[in-house]
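Would you mind keeping the following structure in view while I ask a few things?
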Amino acid sequence: MVTLYPHKLVNIITLDVLEERLTAMFHRHGVSGYTILRAHGAGASGERAGTLDFEANILVKVIVPEEKLERLLNGLQRQVDKGYQLTVFVADVDVINPAKFAGSLESNS
Amino acid sequence: MSSFSNLLIPAVLFFALGAIARIIKSDLRFPPDLAKVLSIYLLMAIGLHGGYELAKADLGTAINAIVWALILGFSMPIVGYLVLIMTRKVSPMDAAAISAHYGSVSAGTFLTAIAFLDSSGVEYESYPLIMLAVMESPAIIVGLLLAAWARKQIAAGNTAGGVSVDDLDNDASKSNFSHLLKDAFTNGSVVVLIGSMVIGAISQPSGIEKIKPFIDDIFMGVLCLFLFEMGMEAARRIKEFKKVGAVLGVFGVVMPLAGGFVGALVGHEMLGFSVGGTTLVAVLGASASYIAVPPAMRLAVPEANPSFYLTLSLGITFPFNVLIGIPLYYWFATYLAGG
Amino acid sequence: MVTLYPHKLVNIITLDVLEERLTAMFHRHGVSGYTILRAHGAGASGERAGTLDFEANILVKVIVPEEKLERLLNGLQRQVDKGYQLTVFVADVDVINPAKFAGSLESNS
Amino acid sequence: MSSFSNLLIPAVLFFALGAIARIIKSDLRFPPDLAKVLSIYLLMAIGLHGGYELAKADLGTAINAIVWALILGFSMPIVGYLVLIMTRKVSPMDAAAISAHYGSVSAGTFLTAIAFLDSSGVEYESYPLIMLAVMESPAIIVGLLLAAWARKQIAAGNTAGGVSVDDLDNDASKSNFSHLLKDAFTNGSVVVLIGSMVIGAISQPSGIEKIKPFIDDIFMGVLCLFLFEMGMEAARRIKEFKKVGAVLGVFGVVMPLAGGFVGALVGHEMLGFSVGGTTLVAVLGASASYIAVPPAMRLAVPEANPSFYLTLSLGITFPFNVLIGIPLYYWFATYLAGG
Amino acid sequence: MVTLYPHKLVNIITLDVLEERLTAMFHRHGVSGYTILRAHGAGASGERAGTLDFEANILVKVIVPEEKLERLLNGLQRQVDKGYQLTVFVADVDVINPAKFAGSLESNS
Amino acid sequence: MSSFSNLLIPAVLFFALGAIARIIKSDLRFPPDLAKVLSIYLLMAIGLHGGYELAKADLGTAINAIVWALILGFSMPIVGYLVLIMTRKVSPMDAAAISAHYGSVSAGTFLTAIAFLDSSGVEYESYPLIMLAVMESPAIIVGLLLAAWARKQIAAGNTAGGVSVDDLDNDASKSNFSHLLKDAFTNGSVVVLIGSMVIGAISQPSGIEKIKPFIDDIFMGVLCLFLFEMGMEAARRIKEFKKVGAVLGVFGVVMPLAGGFVGALVGHEMLGFSVGGTTLVAVLGASASYIAVPPAMRLAVPEANPSFYLTLSLGITFPFNVLIGIPLYYWFATYLAGG
């Protein structure tokens, strides 16, 4: 029988051009990894059709143990305060291998 | 041929077809990565071609052209910024971001001008090409400086927000202003263009000969495909005209006219170019970037509203230059040459 | 400390060719935005490999405050009744900026 | 050359290679957007080429060709619909969706026929090209009309479901039938093809000359790549043959034979074309769309089962035409010319 | 009013080259379908930039009724035991059409 | 020309430009699918070209070349494996996966060598091309065999893990070793290359003539674009050098030198090729696969650490061969011919 361990999945929808800025932040915030998907969409700032570099969206997914959530959200909030548009939402997920999410990107590289 | 027959050049017609496809709400969609691939190809091809020509060119004139490219690239955003601030229609941050686009250049517009000259049988120098490469970066830098200055003004009365140097949370590779400068020079478009120029200049002629069919023969066709897509993008942006307002809309036409006028004077008076070369320098002055600068501004001036700079550069100035500006600058260059 | 506000995330897996139809519906249903990702997959109707226009999937994500959920689901149900194949699932998510999801696309444009 | 030597044309061989790759379960995958880019290129190239030729053509014959294209495009789906209903193997909605594919045309098949004629050294008129452009839309419209009619019949005894005009929830831009018609004419493929034809017809010859290498020289190679991928897609679909059943499978072979026969008669008798031109009109009659029509049916006739129309048009009729149909229609055209 | 039925959404982040291996497993494990999105990312094994075939990620989503979860997770665990790197996480979702997820891919084809 | 002037070939310069772009941390990004499309194109073009040439070639020599390709492809991974095991720096699984890469070949390196010979005006035989096609698969098979053997050794003292034949949960189409062999032969790259060779060999000459501009004229330009991107990828990998360690790093240089030496001897002594042909066989021996083999190892030897084989083949051996190896092997071939 597979045991499940509760974690938090932080989702961030933002611009493709901010990818490097975000991943640099993840390295500083001790998360163990991230996954990025290309997206398009629309919201308060209009349509982002995704055909030109400057209006393509990405959906970023970061799984963290509950105790790292606060720090990550604070980091994201600071980016928002600076004017970067991030659409952030958090979900509960269960993982099968909690050791994977305890480490940090920095220690890997 | 009449200077308005540019409307019968395939490249211009495909631009119009793209706009029409969008206006009649066609379901035609180009894949997300196509514009990127096409623009890498176009930059690579013009870089190689230009580098090859420049290797045979006169060093003095080349340096002169580079100096004037720098002067244009640094001064035009400042002028644009002051004008925009005077209109009182946009915030200082928006003014900084918008004007950076006008100091920079649009390779798509430049190439359409070359197609126009080619089909009119007008000769042109290869120096404007190196000016194109040189002008990508200064405007970005000026834009960043203007935004930093505006941000400081705002911060004087308001401590919240903004990219400030002492912000603890900032990524070391981003927060620092010197790194923003570095970004301006390692910009993808700049690397492809300047890298290809160097390769074109130093490669063995036999090697260049082997890649000629790729960079020369199919070039115009690829440009047509690129402008086809850009026509769709421009038309999508022009719909947002109402958000931008009439005053800014006028700026989107007057700024390229002024830039084209100044550029033509520089080309003719300062650089002594032929009618063709003068037209190209005018186009450099007149055109606004919509490939390299928008992502740079998104990153470095997040406080600015992208609707403004995108609608102006892509939705108004770009079609204006392609359809009306180019023959106009050509006419003006002819006038200068005859005067 | 960052406060989290519970919302609903509606996910819709459907055909790429239906994208415009769905987004038009979103404009009418008062949602504040949407995000679309390209996908491929398989289900009861066979494989959708994603290489040709007519068999590419999309995954559509719409975040709504709880009170708008019912209306959106009803709208989606009506599309299903008409014969359009939609795979719909709803998840609980927490957002950091509830104001963003209170508005509507119509009022933006 | 023997009329069956089409099997030694690179385009046909690449089609076969794609099918073989799928059959031996190779892990070869083409990127998702490649087919789209290649088909935009192919439509652009044949449009430009055709428009350029047509600008020099005879107006009377052109109008005659258009009229016959409309007649074929409107009548063939109706015949197909009636035949399908008579088989009692599919619902009226499925019959409507399937038959729309057969009224329309396949540019891939048409281009393979051109490669076949070229490699056989057979001349052909340029009018069939304008017929290709014209035939994309009518079949979609007839398909929608048949589906609307079938839906009404069903709704008479059953009030639930279906796209009905008074449906409150419908998007105003979709529900209305006039908007469905508009969709048929603003279809992406139609816009690229007709737009390119117009550009080819009105551009300055010097401009067209500049894009010739792009649209002519590399054309056959790009077609090979396209058919390579389409061979894989066709083979993937043919696996679903068993779902479709023997009766429908026979329809997928008989319908193109009938369409090819009628098309050849139209080309020879009504339009007075040469053997090459007659072959091309036969191919227009015989081929079934698998680019433009399937998405249109997905959207407008959601009640139809896509397995049926995709397997028939892409999995059965397309390979049949490429491998067997084209030389057969050519043989028949030769017979008519000799008779 | 639309009724919602609780289900499990199994997410798997893995390499693109393992796609066929996973989908073959889904056919054997009686799930009713799957959806796959292309992704890039980073984790303990370094960066996967997605530009070359061998370092592109996929995000696989499989919705199953609760009773099928255990079997699917066990199957995934066995792949991990063999050395295949899978990042697995499970979320609770509600579906509007439970019949869709009761069937199996095998019975379809 | 001096044998080190390969640094002035555009293809090599673009490789360097890509590496520089990455080193200066440019934000230049190529779309995810571009490398795939470019490599399909390159394989298709060299296949067609080679098949066409081989149809005119001598059967005896061709068979001889194939036999020697098989010998190289089967023996080199075994030698590499033994050397790696002796270093005691990697596990047996890693040794199996790494050595499979060195038995196989890199089309990018091979094509750069052709650009080098072309620009030096050196003639070469077409047989090495068929050797390129033949050498893709054997190395994969040997890699799988070595891994299976290593796995068995490990399993003798440890029952957990590993792809074992009696594993109940295995997909029937994967677990079985015969299916892994099948995978080696239905590998996408192999199918495109061999399929195109067959098409090139059996097509009518008029058909091949029509696709020449696509496969010949634009070939060098496309290769430049491909190497541009590969330069970026190689530079990204070389950063991981420290993870790999000095001993493995040395292996990444010594192994191609040994392979190039052996390959040159085979080309000159066994096959009697000219200096050009001998250089190409040396490159086949020296180069390591980074397109076909890595995905195959990911799938079949999941226990191996990809950092090792990717950094070695893509980050070390590939740039070494492109920048230094090719002129060296050419010099050695000249030496053999003169000796």
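We call the chains A, B, C, D, E and F, going by the order they appear; numbering starts again at 1 in every chain.
Quick note on the criterion: a contact is a pair of C-beta atoms (placed from the backbone, for glycine too) under 8 Å apart; a residue touches a chain by one contact, two chains touch by 3 or more.
In this text, all values refer to a predicted model and were calculated from it rather than measured experimentally.
Colleague: Can you list every chain that touches subunit D and also touches subunit E?
Modeller: Output, common partners of subunit D and subunit E: C, F.
Colleague: Over half of the interface residue numbers used by both subunit B and subunit D, so same, or under half, so different?
Modeller: different
Colleague: If you average the CA coordinates per chain, which chain's centre is most distant from that of subunit A?
Modeller: D
Colleague: Going by average Cα coordinates, which chain is farthest removed from subunit B?
Modeller: The chain farthest from subunit B, judged by C-alpha centres, is E.
Colleague: Quick check: how many Å separate the C-alpha centres of subunit E and subunit F?
Modeller: 33
Colleague: With chain centres defined as C-alpha means, what is the inter-centre distance between subunit B and subunit F in Å?
Modeller: 41
Colleague: Which whole number of Å gives the spacing of the CA centres of subunit A and subunit F?
Modeller: About 37 Å separates the centre of subunit A from that of subunit F.
Colleague: Would you please write down the residue numbers of subunit B that are in contact with two or more other chains?
Modeller: Correct list: 27, 29-30, 32-34, 36, 213, 217-218, 295.
Colleague: By residue number and range, which residues of subunit E touch two or more other chains?
Modeller: Residue numbers touching two or more other chains: 37-38, 40, 46, 91-92.
Colleague: Note which residues of subunit D are touching subunit C in the complex, please.
Modeller: 29-30, 32, 34-36, 160-163, 167, 169, 171, 173-174, 229, 233, 236, 240, 290-291, 294-295, 298-299, 302-303, 306-307, 310
Colleague: Under the definition above, what is the set of subunit C residues touching subunit D in their complex?
Modeller: Contacts found on subunit C: 15, 17-18, 21, 24-25, 28, 38, 40, 45-47, 49-56, 75, 78, 81-85.
Colleague: Show which residues of subunit F lie in contact with subunit D when the two form their complex.
Modeller: So the residues of subunit F in touch with subunit D come to 33, 36-37, 40-41, 44, 48, 173, 182-183, 186-188, 191-192, 195-196, 198-199, 202-204, 206-208, 210-211, 213-215, 217-218, 295.
Colleague: In their complex, what parts of subunit E are in touch with subunit C?
Modeller: Residues 1-2, 4, 7, 9, 23, 32-38, 61, 63, 91-97, 100, 103, 105, 108-109 of subunit E touch subunit C in their complex.
Colleague: In the complex of these two chains, what residues of subunit F are touching subunit B?
Modeller: Listed in rising order, the residues of subunit F that touch subunit B are 1, 5, 8-11, 13-14, 17, 20-21, 24-34, 115, 118-119, 121, 213, 217-222, 224-225, 228.
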